[in-house]
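Structures for review follow.
Two complexes, one shared chain (chain A), two partners (chain B, chain C).
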Partner chain A sequence: MVHFEIKGLSFSYPNSEKKALDNINLTIKKGEYITICGRSGSGKTTLLKHLKKPITPSGKRTGEILFDGAPLEEMDLKTQASAIGYVMQNPDNQIVTDKVWHELAFGLESLGCDTNTIRLKVAEMASYFGIQDWFHKNVNELSGGQKQLLNLASIMAMQPQVLICDEPTSQLDPIAASDFLQTIKKINLELGTTIIMTEHRLEEVFHASDRVVVMEEGKIIACGEPKTVGEELKKQNNKMVAALPTPMQIYYGVGSSLQCPITVREGRSWLDDMLSDKKLKRDRLPEQDSQDINEQAPAIFAKELWYRYGKNDKDVLKGASVLVPKGSLYAIVGGNGTGKSTFLKSICGICRPYSGKVKIDGKNITKYKSEELFRNCLALLPQDPQSLFVKKTVREELLEMAAGQNQESDVMAMAEKCELTPLLDRHPYDISGGEQQRTALAKVLLAKPKILLMDEPTKGMDNFFKQEFARILKELKDITILMVSHDIEFCAKYADYVSMFFDGGIITTNTARRFFSGNSFYTTSANRMSRHMFANAVTEEDVIELCRENL
Partner chain B sequence: MKFENYHPVINFIYFLFILLAVVTFNHPVYAMIAFITAFAYSIKLNGRRAVIFNLILIPCVFLYGLWYSFYNHFGITNIGKNFIGNNMTLESLCYGIVRGMMAAAFIMVFSGMLTVMSTDKVIYLVGRIFPKVSLFISIFLRSFSRVRDRCKKTNISRMGIGMGMRQGNIFHAIRNFFRIVSIVITWTLEDYIESAASMKCRGYTLKGRTAFSIYRFDNRDRSVVIMFSVGIIITLMAYALGQTNIMYDPEIIIYKPTIWAYFFYTIYAVLCLLPMMLELFNEAVYNRLSRCQ
Partner chain C sequence: MSKETAFAQINPMVCFIYIIGAMALCMFTIHPVAGFAVLFMTLLCYVNVCGRVVLKKLPLLLVVYMILSLSNPVFNTRGETILFTYFGGRPFTLEALCYGMVLSAMFISVMLLFGIYNRMMTSEKLIYIFGGLAPNMGLILSMVLRFVPHYGNQIKKISMARHIKEEGKYSKVTNLLSAMTTWSLEAGIVTADSMKCRGYGCGKRGRFSIYSFKRKDIVVLFLTILLFLTVMVCRVKGGLDAVFIPHIKIIGRDNIYFVIAMCAMVLYLAIPIVINVTEAVKWYILRLKA
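For the complex of A and B:
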């Protein structure tokens, strides 16, 4: 049975010559799980919005969309409200009311259900999604993951036949994200709901999807089962290969005649099959001998910080210490709510620890005046770039920070460095998430810090933006960078030192390679896939290199 | 079962009637009953905090009575002169004390009401009358907490680049403050676009919207309604028969209580104490059952 049929759909936004969607043909069967991927700006979201009438953007459009055999436009509002569910990116923005129970009932109230029907359906949803424990809570007491689950539940309460998700996990931490995606899979398997999803955590959705659609510049460039899509992309030599799950990237990087692995488990047996009859010539990569971290000149030195938010609250930091060598890129990883962000705020004096000391550039932080500290010394890149934007264009935004005589040239140089030159006259809210993050970075860098602190800098970025972002960071050689992140893969690739933060303190610190090859759970997919063969391969490139040498 | 777990309408009717009765009935016995029952119930609800507060109220009642008789001189029974040289009368002193008791009872009942009637319940009651309003209050409360969080976030972000609310000299600080306000406004409005889309996606624009509430009206609520109705009707009868009010001016006239008067006193006391008795009864049942196990 066909659910959605998209025939020759083209679309362009008003005042734009460029086609946001270009001749899209796609048939979606009932009960299918479809993942749409592509770089940001490739038209994924625009396509999804065309499947839900109330939020379809206006513009020039040709082609047609059929839902259950009838044109989507002719469907009445009530049926489409309940039949097609739409989950958006930001968990906070979708929640309308202040109570969990009210949010669950919101859609059903719109459909005009009576109290008893709503009561039953809400109870069903709360039980199915396991949210009965926070049923009476205020929405603002929930974590990001809980909020997104609530959004999903309140849409599922209307019993949709199709669930459309637009990057639902981009704002969540990895554990909440994988919980959420598993729930989606559960809905698909147990209820037979059709799932159409865009996602950039391909690692987690690739193996779950029935079909994958790859888009580029408004066109579908590949469509099919996960395995064949990889093949197709490789054939086209498309950049999207870099966004595929790690086992697939390694597979195509090495080049092998065996079947393509998708999950880490398949990747492990693929490595086994490939290298089983060969004696390994080399099973480890050379370690760069780095100086002992404690002997290097510190840019940031924090000793046994203790901090709590309220007088009667629990301690968030419990004797956290760190030594960040000058000029290094230092990453702190760890779970949600362990106090990483608080630690970062304590280092720059936004939170004041009640015990312990912080030295910035060898000088005690209490000796700095607040302006002195944040001018030409320290800067903090926040999680939400929007919280920095105050002007009408990116250019003015950057000018706000630049000071002195060569303001203009400073701004232009920085825009060049962060690849913002073509965006200078755009409104900061009109550019994509990754571009906003780069604008925020440029703005922060214009304060000419010697030390840059970053809180979850890669949140919501796709792989390409991450690569560009990392390249910019690498160019900032004379700046010491301390970042806090959930993004293990990013830290493994680009950080010099990595620390594990847990229970209010740093547990262990090492170079990225030693750190991740020493862990067995909290480590990169490449490492998990290859640890039975190679001693210290951490990134895809490592595994590919070692495989090639041993073949 | 706590009284606050009963249906909000019942909570509301109880407090509304008691508050009205407290301010209307000036018969000393009624005032006394109201004072004592309110005293007991507020302690039951709010615990030790209420004990201290209520004990402070007692001297206030007498001080109010004294103050009242200083400035009001109606009545015929002279009991002396105050330091200004005005006559003090028994009638005005008594009336002052009774009024003090009424006021204290009102405050105590009101504090109980604040405990029992949570925001949810108020929104629900408003929603019974104007369904749209309660949804808007709910949306407003949600927006309010979001804006508050966002203000904090923005301030921290701006502090991270040296443009926080308390950074720099006074002029810079003021400029920074206004920029933070501007950021929060833009950011909030921008996000409302998405919130609106989410509402539309879930059929907000459809006609025939219903209002759901988690409160149920059960048999236990019905039984309490019956008890309340009987109590309220009998008390209203007492009011109609002039049992609940007396004259203070020019002379205090209290008739000797008849058997009916005692009946009315009892009913009024039971009515005032009904929520507390329900709670105590349920606690007793609970204790008995848990001992049996």
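For the complex of A and C:
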């Protein structure tokens, strides 16, 4: 049974020559799980918005969309509200009311259901999604993951036939994201709801999808089962290969005639099959001889910080210490709510620890005057780039931070470096998420810091932008970077040192390679896939290199 | 929030009517015996509903009570029995003092009732009560209650991000305001989209609440109305009459209406205590049996 049929859909936004969607033809069957991927700005969101009438953007449009055989435009508001569910990216702004139970009932109230029907459906949904425990809570007490789950549940309460999700996990931490995606899969398997999703964590959704659609510049460039899509992309030599799950990337990097693996499990047996009859010539990569971390000149030195938010609260930091060597990229990883972000805040003086000391560049932080500390010394890139924006254009935004005589030229040079030059006259809220992140970074860098602190910098970035971001960071010479992150793959690739943060303190610190090859759960997919063969391969490149040498 | 008491679990509408009724009773009572009985009962009620922590506030209440009582004769000099004079002959009368004591008892009772009201009527209960009268009003109230902490959060985030830039107090506030305006418009669009996606405005709205009318609620409502009316009838019949000035004249035990009114009043104010205590006793017995 066909659910959605998109025929020759083209669309361009008003005052724009460029086609945001270019001759899209796609048929979606009932009960299918479809993942749409592509770089940011490739038209994924625009396409999804066309499937939901009330939020379809206005502009020039040709072609047609059929839902259940009838044109989508002719469907009345009430039917489409309940039949097509739409979950958006931002978990916070989608929530309408103040209580969890009210939010669950909101859609049904709008449809005009009577109290008893609503009561039953709300109860059903709360039980299905495991919401009972926080059913009476205020929505602002929930974590990001719970908020997004609530958004999903309140849409599922209307019993939609199709569920459309627009990058639903981009603002969540990995564990919450994986929970969310598993719930989606469960809905698909148990209720037969059609799922149409855009996502950049392909690792998590690739194996679960029935079909994958790859978009580029408003066109569909590949569409089919996950394996064939990989093949197709490889054939086109498309950049999107870099976004594929790790096992697929390694597979295409090595080049093998066996079946393409998608999950880590398949990747392990693929490695086994490929290297089974060969004696391993080399099973480890050389460790770079790094100086002992404690002997290097520290840019940041924090000793036994203790901190709590209120007099009667529990300690968040329990004697946390760190030594960040000058010029290094230092990453702190760890679970949610362990106090990582608080640690970062106490290092830059936003939170005052009640015990312990922080030395920035060898000088105690309390001896700095506030303007001295933040001028040419320390800068913090917040998690949400939007919280840095106060002006009308990107240019003004950057000018605000630049100081001195060559203000203009500084801004232009920085814009060039972060590839913002064409965006200088746009409003900072009108550019894409990745571009906002770059603007925020440029703005922070214009203060010419010697030390840059970053809180979850890669949250919500797609793989390409991560590479670009890493390139910008690498080009910043003589800057010490301390970042707190959930993004294991990013830390493994680019960080010099990695620390594990747990229960209010740093448990262990090591170079990225030693750190991740020593862990067995908290490590990269490449390492999990290859640890039974190779001793210390942590990135895709490592595994590919070792495979090639042994073949 | 701590666990709700049994009384807090009755239907908010009943609870609301009850508290408004109790306030009305207090305010119409100038009979000294009744007044002090009401004060005593509301105090018991307050402690029962809000927990023993509030006992710490008692000394403060006592001070307020003394000040209010003693200040009445200062402004009101009428009355037959002059206790003493001051400021060259300004009288301080016994009648005015008694009147002041009764009035302040009433005042304190109403204050305590407001305390109980605050504890009982959470925002969602208010929305339930007024949402019945105007469904959209209820939704708007709920959205406002959602936005206040949501905006507060964003203000915190922005001012934290602004740490990197030193600026004057004035420009700090204007920048924050401008950033908040942009952000809230942007966030508002998303919220509006989300509402539209979930069918807002496609017809008459249904109404859902987590409260329902149970037998217990009906019993309490019935008792509330019955006792309230009894007191009112007795009052009209003169059972609670009291005159202080020029000399004290109050209705006593020999008047049947006075006796009935007193009983009804005490019973009325004992309702929350009775509910809470029976619940506790029930638990105790159940646990004994187990």
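Please note the rule applied: the second predicted complex is superposed on the first by the 551 of 551 C-alpha atoms of A that agree within 3 Å, B and C clash if a C-alpha of one lies under 4 Å from a C-alpha of the other, contacts with A are read in each partner's own complex, and residues count from 1 in each chain.
Definition applied: contacts are C-beta pairs under 8 Å (C-beta built on N, C-alpha and C of every residue); 3 or more make two chains touch, one makes a residue touch a chain.
These numbers were taken from a predicted model, which means no experiment stands behind them.
After superposition onto chain A, partners chain B and chain C are found to clash with each other. When both complexes are overlaid on chain A, the residue A:Trp101 reaches chain B and chain C alike. Of the two partner chains placed around the shared chain by superposition, neither chain B nor chain C is touched by A:Lys359. Look at A:Lys234: by the touch rule set out above, it reaches neither chain B nor chain C.
Common to the chain B-facing and chain C-facing surfaces of chain A are residues 52, 54-55, 77-78, 81-82, 85-86, 88, 90, 92-99, 101-102, 105-115, 118-119, 122, 136, 138-140, 151, 154-155, 158, 345, 348, 350, 370-371, 374-375, 379-380, 382, 384, 386-390, 401, 429, 444, 447. Interface residues of chain A, counted against chain C in their complex, comprise 52, 54-55, 76-78, 81-82, 85-86, 88, 90, 92-99, 101-102, 105-115, 118-119, 122, 136, 138-140, 151, 154-155, 158, 345, 348, 350, 370-371, 374-375, 379-380, 382, 384, 386-391, 400-401, 429, 444, 447. Chain C makes touch with chain A in their complex at residues 123-124, 139, 142-143, 145-146, 149-150, 153-154, 157-158, 160-166, 175-176, 178-179, 182-183, 186-187, 190-191, 193-210. Here chain A touches chain B in the complex through residues 52, 54-55, 77-78, 81-82, 85-86, 88, 90, 92-99, 101-102, 105-115, 118-119, 122, 136, 138-140, 151, 154-155, 158, 345, 348, 350, 370-371, 373-375, 379-382, 384, 386-390, 401, 429, 443-444, 447, 453, going by the rule given at the top.
Within the complex, the chain B residues that touch chain A are 120, 135, 138-139, 141-142, 145-146, 149-150, 153-154, 156-164, 166-168, 179, 182-183, 186-187, 190-191, 194-195, 197-214.
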